[in-house]
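Once you scroll down, you'll see the structures, which are given as structure tokens.
Two complexes are shown next, each including chain A; its partner changes from chain B in the first to chain C in the second.
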Partner chain A sequence: MALHTTVEHADGRVPVVVLTLAGELDASSYEGVIATVRDIYANGGRHLVMDISELTFIASSGLVALHSSLRLMRGEDPPDPEYGWAAMRAVSNEVSDATPQTNIRLSGTQSAIQKVLDRTGLAALFPSYPDRAAAIAAF
Partner chain B sequence: MPEPVEAPFLDPTRLERILEPWTSGRSQPTVTVEDPGGMIIAGPAARDGAVGSRRMQADILLDGAAVARIVATGGHEADASLRASIEALAIAIGELAAEGRARRSTAQALHELRSEMAAMTLGIDATELAKGRRQQRSILSLVAPEVPGYDLASHYAAAREIGGDFFELFRLRRRGHPLGIVIADVTGKGLDAALLMAFSRPVMHTALDAASGPAEALQRTNAVLVDDRRGTLFITAVCAILHPTDGRVRVAGAGHEPPLLVPGDGGPIVEVGGAGVLLGAFATIGPPEVEVTLEPGDILFFYTDGVTDAVDPSGARFGDERLRQALAAAQGGSAHDLVAAVSTAVQAFQVEAEPADDVTIVAVGRHRRVRAAGASRRS
Partner chain C sequence: MLPEVQRLRIPADVARLAEMRSLIRGAAQDRGAPSDVVDDLVQAVDEAATNTIIHGYAGRPGWVEVTLALVGRDIKVTLEDAAPAFDPTTRPEPDMSVNALVRGPGGMGIHLMRLATDRLDYRARDGGGNVLTLTRSLDPRAEEDG
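== the complex of A and B ==
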């Protein structure tokens, strides 16, 4: 039930960071994923492929990790509630309408994960590709 | 005169920020944090405008001792919901106080020692008190209204860390006083989840009371969440409205596990309604709404993902199949039977582990024998 993460670099048309999530993404691991993506962005990563072909389970807290990653890769560090609700309101409206402009691609989404993304509507925010090469090539 | 107790570990600036949604709102009650002596630590100092209006409060506990309290003045409409919200805030701030204990002063340590001694005198250990603090939320939710002709049953088990499930069962203030049902899960954990729960709970209650149907209630809630905050957490929820006279129930969901209809005649267990997108992530949502009729003996079973995501010592998840098996085994029983069957199965599955996520179950069952037609008239 643990989550294993690895970070690799690949070259497509643009430099791409590949974050592999293997195992289960739940309340015990979602904050670690957010921290990893924060590091990726801080180190200059701007295009992210999340290889989730070996991700077998995602809890609702895992959705928070995905969505926070989306914002981080847009350069919006999700505000810590400790900085107050005003800080939260000050963040530009991230609510995505029909045309998600995202720089995260998913690769190898298993049916159990896809089901959760579909159920919650988040599938619309995460373009999904059958494998890593296709996801990298999509940038 | 009692010795004034300093409010330990609570930074007023931090508290002001936490209270902001309540102090900057338009029609919300005034919310302050006071020390046990009644001195305001955070929140608006003057409550002159609220003279004569209702006042409710919740203690902020640290190891069982009240170190401060939250006071809401001028509450209206959804009082039970506001109360639950205030309780949730108190718990969240209590967690903050516990965190801040590392910075305690000598005087505060002394105060804590006193409360520990008091606890020992009462034969309660600190672990139990901590558990009680977590369970506090559930007690409020468990006060379900009487609905003649129906059984309302629920189960709630708090996670190790403060989580974000809540549910409400209440009579709507409209003709026929239908039963409003809300079950929701704030994603994520910790202080931010607790704060979002405290914020959204009365919002959902009011939305369901005011909306023409459950889908509109979810839309209203989403609009408030999207307009008033830009957090990183979401809410998944199901809202439903049950008309007790004929058993019609309208159901709408937002990213949440659809409720299950467990027929009293032994027929197949089916999901009711679609899931819809979750709340707080999209500017506009159009949740699917369906209507079903509860026949005598039928039970509508609501739950959060804490049920299906429960883990056994080998790492396996409880899952949909075990849930359906547990329900099928108890099918034909009452709403209480179903809730007991599932909660027992989940507990047995987890063995001794405390749940990693909140586990919440609500079941609404129509009695087998139809009562006289007038029985569901509200007293």
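== the complex of A and C ==
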């Protein structure tokens, strides 16, 4: 199943961009997600809800897209996906262990996706809410 | 009657991974796998095939063939390719103690393959290439930590 993405705007306490990812996020589609989030940030978006209630599969390349999105929304360039964990470890001392400030919220995470986030430790970086309204209200 | 072995060969193109996932999902369901086992098999196969296409063939033409069979209470999925030799079972585990924002998801594919399967067996393919067998029991696992 291909990945379908839509971008909408919503008003919570702050302006929020809602990026809906529906279908399967894999090696054929992850770069498109990164490009979309890069555009969202370039166009002034600073608070992002990813509605993944219809996302049924996420590959490790999809995790690269999520992680890169987090970096982009912090105004940082994402690392090269090929950079690898060993090299990343070398710079880990530069980041404190405190929970980093993030401005992406997930909405409607299915159990199969949650399991992948849990198994890779990424769940801690992506606060997850049952639905879109709750995720928007969380900012 | 279900065929004893389900088989699919795709060209080395990430745009074709969805077909492989679909075959694994259907074949595992048909053999009585519960949904968490189906999800894990789909994940492991996708990660293995993606590695082969992106890192093994690295843009060169090639193919990946997957076969799925039920052996006793185990689902066995074998991935075969003609890419340069690569044994994922010998790769080091990522250091999960590193802050996830910094660590990033690099190396997570093999980590996920390991967690999603009960065992991984690798051998070099006769005539060049790789044969990787993923095994996952149909029976429930003990509760997964965190």
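Throughout what follows, the second predicted complex is superposed on the first by the 120 of 139 C-alpha atoms of A that agree within 3 Å, B and C clash if a C-alpha of one lies under 4 Å from a C-alpha of the other, contacts with A are read in each partner's own complex, and residues count from 1 in each chain.
Everything that follows uses one rule, which is that a contact is a pair of C-beta atoms (placed from the backbone, for glycine too) under 8 Å apart; a residue touches a chain by one contact, two chains touch by 3 or more.
Quick caveat, the model's predicted, so the values are computed rather than measured.
By the touch criterion defined above, A:Leu63 lies against chain B and chain C together after alignment on the C-alpha atoms of chain A. In the superposition on chain A, A:Pro127 contacts neither chain B nor chain C. In the superposed model, A:Asp26 makes contact with both chain B and chain C.
By the touch criterion defined above, A:Gly12 lies against neither chain B nor chain C after alignment on the C-alpha atoms of chain A. Using the contact criterion defined above for the overlaid structures, shared-chain residue A:Arg119 touches chain B and also reaches chain C. Comparing the two complexes, residues 1, 26-28, 57, 59-61, 63-64, 67, 71, 79, 81-86, 88-89, 91, 94-95, 97, 119-122, 125 of chain A contact chain B in one case and chain C in the other. Against chain C, in their complex, chain A makes its touches with residues 1-2, 24, 26-28, 57, 59-61, 63-64, 66-67, 70-71, 79, 81-86, 88-89, 91-92, 94-95, 97, 100, 112, 115-116, 118-122, 124-125.
On chain B, the positions that touch chain A within their shared complex are 14, 17, 20-21, 159, 161, 185, 187-189, 191-192, 195, 226, 228-234, 236, 255, 275-278, 281-283, 285, 305, 309, 311, 315, 317, 356-357.
By the touch criterion given at the top, residues 14-15, 17-18, 21-22, 35-36, 39, 42-43, 46-47, 50, 53-54, 94-96, 98-109, 111-112, 115, 146 of chain C touch chain A in their complex. Looking at the complex, you find that chain A touches chain B at residues 1, 26-28, 30, 57, 59-61, 63-64, 67-68, 71, 78-79, 81-86, 88-91, 93-97, 119-122, 125.
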